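What follows is a pair of complexes built around chain A, which joins chain B in one and chain C in the other.
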Partner chain A sequence: MASEDARYRQSTQYRLWSFSPAQLSSMREKTNALAQSNISERLLSTRALPEFLTPAEELQLLNFYTIDLLRAGNFFNLRTDMRATAAVFLRRFYLTNSIMTYPPTDMLKTCLFFGCKAEGHYPSVGKFAEQFPNTTGEDVLAGEFLLCQGLRFAFDVKHPFRALEGAIMELRRYGNIEDSRISSAHSRAREILKFSPLVTDAYFHYTPSQIMLAALSLADQELAERVVHETFHHPALSDGAAAAPTRENRKGAAAAGERARLVGAEMRDRVLEVVNACREVLAKEPPERMTAYWGTPDSNQITRPLLRKLKKCHDPDRWNLVELQRARREQAALKEDAEDDEGNGARGSLDGDGAVFGDADGRDVKRRKVAKAPEDPFGGPL
Partner chain B sequence: MSASPLVAYPTDTLKVNSRPTASPLKRPISAAPSSDGTPRPPVQAQPTRPHATMDLAEQMNDDEKRKWVKGKKLGEGTYANVFAAHLRTDPSQKAAIKKIKVQKEYRDGMAPDALREIKHLQELNHPNVVRLISVFSSKDQNLNLVLEYLPLGDLEDLIRNVNTYRYGAADIKAWMGMLCRGVWFCHENFVLHRDIKPNNILIAANGEAKLADFGLARSFSDPAIPMTTNVITRWYRPPELLFGARHYSGAVDVWSVGLVFAELIIRSPFLPGDSEINQIDCICRAIGTPTEENWPGVTKLPGYAVAGETVPVYGKDAYMGRFGAVGADGVDLLMKTLVLDPRKRITAREMLEHKWWRSEPKPTRNEDLPRKTKGGLEKMAADLKRVNPMEEDNRGAKVARKLDFGAMKK
Partner chain C sequence: MSRKPAVAPRASIGGGGGGVPGALAISSDDMCPVCKTIRYLNKDMEFLINPECYHPMCSNCVNRLFNDGPNQCPYAGCHQTLRRKGFRSAFFGDLTVEREVDIRRRVAAVFNQVEDDFETLGDYNDYLQQVEDLTFDLVFSGADEGRRRKAEANLQQWEAEHKADIERNKKAGREADETARRRLAAEREAARQRRLEAAREAEEERLERVRSNEEALDQLAKGDGAAKVQLKRRGQQGRPVAAPAPEADGAAEVTGAAGRLSIRGLKEKKRAPESTGPYDPFAGYDFHPDRYKLRDAFASDWLDGFARDPKHSTGGYDVREYYARAMFDAFSGMGVFIGDEKETGSLDMSAREVADFGAGMAAEQSGPVVAPSIRMEVDDVFA
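And then the complex of A and B:
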């Protein structure tokens, strides 16, 4: 296999965050069902159960909030990679957490903040929060740990932006395409990449280079196909494969055969097929749709009822992230020492006091003292 | 019940639900029978806790967490505590769990060190880069990094303890080979390590050297985006960083590799400056003064300042006298890593293609390299069982120092 492919498969983006459409929708259903049963249990004693959001409605709201996040990112002049990373974080988080459990309006701020950090920019949380109305640093940080856990601690997101720069250089190298045509395809594709893959499930299903080629193909289909055809065009290949398979070069011939398969027409057509499928996904959300999600009568008609529904069915205990975080911290403060001590082999002797009074270290010292005296004053065991 | 940290798992801090709900994702984990027939402590014999009312995210985290059994505390630092650990299903699979503490002085959420280390180690999988096996959060909201278990100390131990360890050119070649491969792999994946030094190169049970501590690492920057200059421990910091260059490359790591190489040969730091100014001075005196002739544009760097007489860049003869132990080819490689102008410095890839690796003597095989304890894993297990608190404390102090990023940076 091409080594670049193999290397991509080592990435967390592939290992942890790439799914087939069927896997993705089954995860979303599972997340939704779990949230429904959790919230039902919490509400049961107090009031009648509300109507819950369906997985499809959750997805619709997620798109709405993803665009909210991108708008905020634009407004704050965040770098493209930070905005994109934040958007991917939001979508990953709400794959295994329900919108009904944790508030998306808060989580999107957390995603933006953590997206900056993940891309190597460390703003002060206070200054960051000031940019939002009625937001404190605490509000932004309350969801950070939750987000990290939801991301399964995969903070590296591979974007197609640099891939596009590479493809544009390739196109220029061919030498027989008008420069203005390349330039306009470049800027259109870039515009698409900043929006379309982020508000669809493209990142879950396609590699960055596939997404890049799909965006380029939306901008100028001929140019995108040219890149693919040039990549798979190897006139010298047939000579090498034609050599007689003697004992010595059999291994070489096998390698050449494998290479021929990889760069052959069949693989090329498969690549084109995948790029086209991705193109269709992106085409559903062209950059012009950015404004279609808010303020228009159409969008209001769709989102308003969902937001009303969400207001009634959200998790009563976990909706307030600041409160939740405070409670968890308090509990953690009580448990921490016990947790640190759990590995020290004192399980049998652990009584309540250690955990409650946090004297795990004290006990540690005691145990060491006991262990330290190999020459027992009363003699060894009989 | 609430006393045992392993029994009551809070599914939610605000409302503990005692009614177990059958989860579609619950994976029963079979408890491995103990080999000697002794009954296991009850907490271990009870591997399945109901997932009760956990989100999918919480369940995934919990599954990851339950794969590991945390053992003895190996070290304590300001940044993290380190525990021995093993796989629940296969106790022979050892690991180290680094539990990162919430840093009180950093008020902006997860500290950059932790974030960088997790971000990059998650993506890098190579025999000469310490492996991050897993990450999970514990219920007290701390991060736990499950790392490869590297029980044989670091390269600094071996260099410093001149009387304990004897090693020769073939051993240096083996260690340098592993270091260069690790650095090459980072650069191949567009990651700058930015803190290469002997005590960040750890030794695995089989003698393999591994690049560790990615608390200062970052991805290669886009051309227009400036980077910080305050990285790499001073003695190993290249001149372009000392002069305040904001746009730099893998060459900064190569310089550090060169200084590790030199240190392996002379068994003491080659350029131990006691301040940034003094560091530049050390470089000028030992390698040569950076000038417009040998490094076009250097005088325009924001922090360019050299004191005293201009020292011409030393030639091969000067190096042979001091570093001749690795032969002419070895000295050639060393000199190429210590070129003042980063654009002319050898790259990680070119280092691996250098002729020194193929010239005599051949590098020592891993199993024959000088090491902290002979006998590898068996001895290590014995070490862990031994109850000598003084020894344990020393070992702990070493690990702790290594983990103390805060102290290292300033």
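And then the complex of A and C:
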């Protein structure tokens, strides 16, 4: 295993937030089913059950909101990595939480704000919230802890942007490629990276370097393949040795074999295969499609009904994040008070324990014994 | 024994035959029992004894009686034949002690085993007890002539039988003594060198101080730019003090080469635990790139400005950091196949899955390139 890969495997992006396509879709289905059952439980008391969003529709809405987020980021002149981090946060959050449970319009702001912080830019909440219509700092902050929980506290997102710079540097080093060609491929790949991987599931299925290569190959396929070929330059094992490896043969070629495994032709072919798969994913959402998600009649036709549907089927208890946050705080305060009361009660009225805190369980027996003892040090009245 | 006795022998040993010391007391400290000369008459009077019978007599008597060859001991009743050569001055005032020490020395020369020669400490202790018994018989069995004879015979027999062993042990003992002696000498020499060195340095320093003072005074006397000159001198004064330090180190090394500085009485150091190499904060992670080579400079249209911009470089920014990060980002995880790895849950797929996968791939693509790789992994798994 190459040391670069070993180090990537240490990242939370690989350990917590990388899934095969099958895993990802099953997770989405599970999230959707869970949200449906929870929401229907809550809605039953009030009115008839509405029609719920399907996982596919949820994904479509998620893409819509991701693009909303990117637009907002553009509008606020946020750096590329902040925008990208915020988008990845949003997609990760709605992997384990349904869009029907928590309001995406609010989470989007929280994601943007938190993405800025994760990338080392610390705007003031008030000023940040002012940029949105009808938004206060409280709205932005309400979902922050929720978001952190949803992200499983993994705030480091590995992006392909710097990787692209590295690849371009490597391409320039080869020396026999025209500069203008590299530059144009560079800028095109950057455009793609700023949009396509963020509105697809590329970040879940591919590593930043593979995403970068896919984007580069969309811009200029030859250049991307050149990078891969130059990297995995080791000559392939001769067919005879590979087909019938005797013991001595293997021993002799152990070192060479290891080297070949790291940067040989087999690895190259596997990498190319993965890059092509990623390329197909990215090709579905080229940067030109950004405008296709809003404002055009087509997009309106797709998203309007979904939004209308969402309005009916969203979770009534959790839709208002500010209220939710306040309720949770009050609950926590109540709990604390209750704990305090319990402490006082034990010292104060001993008889009332059972009445106030319900039936005394076995756990309290000892304490009650201890507390009661000093009541009658000399026994009952004569 | 070349050392002179601190006092003249006070006790004379009356002797039954065979040189067994009796309890005869001498009448006077300073009178030769043979010629009755007293110290008053001869200030340089010196008493000598012969280990055959330990009867003291003055050196004049020895010269007089034994110059012409072996002669009988002049003491009444002592029939030992003594030679001039055997006489020496006694180390101890009490001649019984002198005799015991001599015997013990002789026994120790024969029974010269050390603890290392024995299997257990108990064996060694038994041996010591045995030797002590024999010594005791030799020394104190004055009345019992038989026991003494027997012990003597034992001793001689042992000596005859174990000549080689004794010789070897003696040699080992001598060598140990020799090394100890040499070490002591080396230590003493090193200490002497250090003292000399320190004295020399002190002297140099003193001379330097005197010289600089004189120079300063001269400068002041000349009176041109006096204050400035003085300041300058003061500044320079600090330096020569620091300069001799390496020289002193060198001297210390020289003495160290002659005899290492060591502290006596220290036990031999225990062997240090097997070293596991230096501490690795990255827990064995290799940061050496496999897929790319980091170079000192990469061509980049927008980075070159940063590389030379003092606004960045002054703060410690090095554009190579960026190179390293960018190249690492570009190539790290290139060979991580999330789809496969997350499905199978392992980095290297299990043999069966690999086989299935390989069969599927072969059926799909019938590609000759993929097949060998998969077969190779299967080989690895079963290796």
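Everything that follows uses one rule, which is that the second predicted complex is superposed on the first by the 311 of 382 C-alpha atoms of A that agree within 3 Å, B and C clash if a C-alpha of one lies under 4 Å from a C-alpha of the other, contacts with A are read in each partner's own complex, and residues count from 1 in each chain.
In the analysis below, contacts are C-beta pairs under 8 Å (C-beta built on N, C-alpha and C of every residue); 3 or more make two chains touch, one makes a residue touch a chain.
All values reported here derive from a predicted model rather than from experimental measurement.
Colleague: Would you check which partner chain A:114 touches, where first means chain B only, second means chain C only, and both and neither mean what they say?
Modeller: After superposing on A, A:114 lies in contact with chain B but is clear of chain C.
Colleague: By the touch definition at the top of the document, which applies to A:156: first (chain B), second (chain C), both, or neither?
Modeller: first
Colleague: Examine A:48 and indicate which partner it touches, taking first as chain B and second as chain C; both and neither are also allowed.
Modeller: Neither: A:48 stays clear of chain B and chain C.
Colleague: Once the shared chain is lined up, is A:166 touching chain B (first), chain C (second), both, or neither of them?
Modeller: So A:166 only meets chain C here.
Colleague: Identify the residues of chain A that lie in both the chain B contact region and the chain C contact region.
Modeller: Looking at chain A, the two contact sets intersect at 7, 10, 162.
Colleague: For the complex, give me every residue of chain A touching chain B.
Modeller: Residues 7, 10-12, 27, 30-31, 34-35, 37-38, 41-42, 79, 93, 95-98, 101, 113-114, 117-118, 120, 122-125, 137, 140-141, 144-145, 148-150, 152-156, 162, 317-318, 323-324, 327-329, 331-333, 335-336, 338-345, 347-348, 350-356, 364, 368-369, 371-372, 374.
Colleague: Which of the residues in chain A end up touching chain C in this complex?
Modeller: Result: residues 1-10, 14, 18-23, 158, 160, 162-170, 172-173, 183, 204-210, 212-213, 231-232, 236-237, 239, 242-243, 245, 250, 257, 262-263, 265-267, 269-271, 274 of chain A touch chain C.
Colleague: Of all residues in chain B, which touch chain A in the complex?
Modeller: 2-6, 10, 12-15, 17, 19, 21, 23-25, 41-43, 53-58, 60-61, 69-73, 81, 83-85, 99, 107-110, 112, 115, 118-120, 122-123, 125, 135-143, 189, 218-219, 221-222, 225, 387-389, 392
Colleague: Under the stated contact criterion, what part of chain C meets chain A in this complex?
Modeller: Its residues touching chain A are 285-292, 295, 298-301, 323, 325-340, 342-343, 347, 369-370, 372-373, 375-376, 379.
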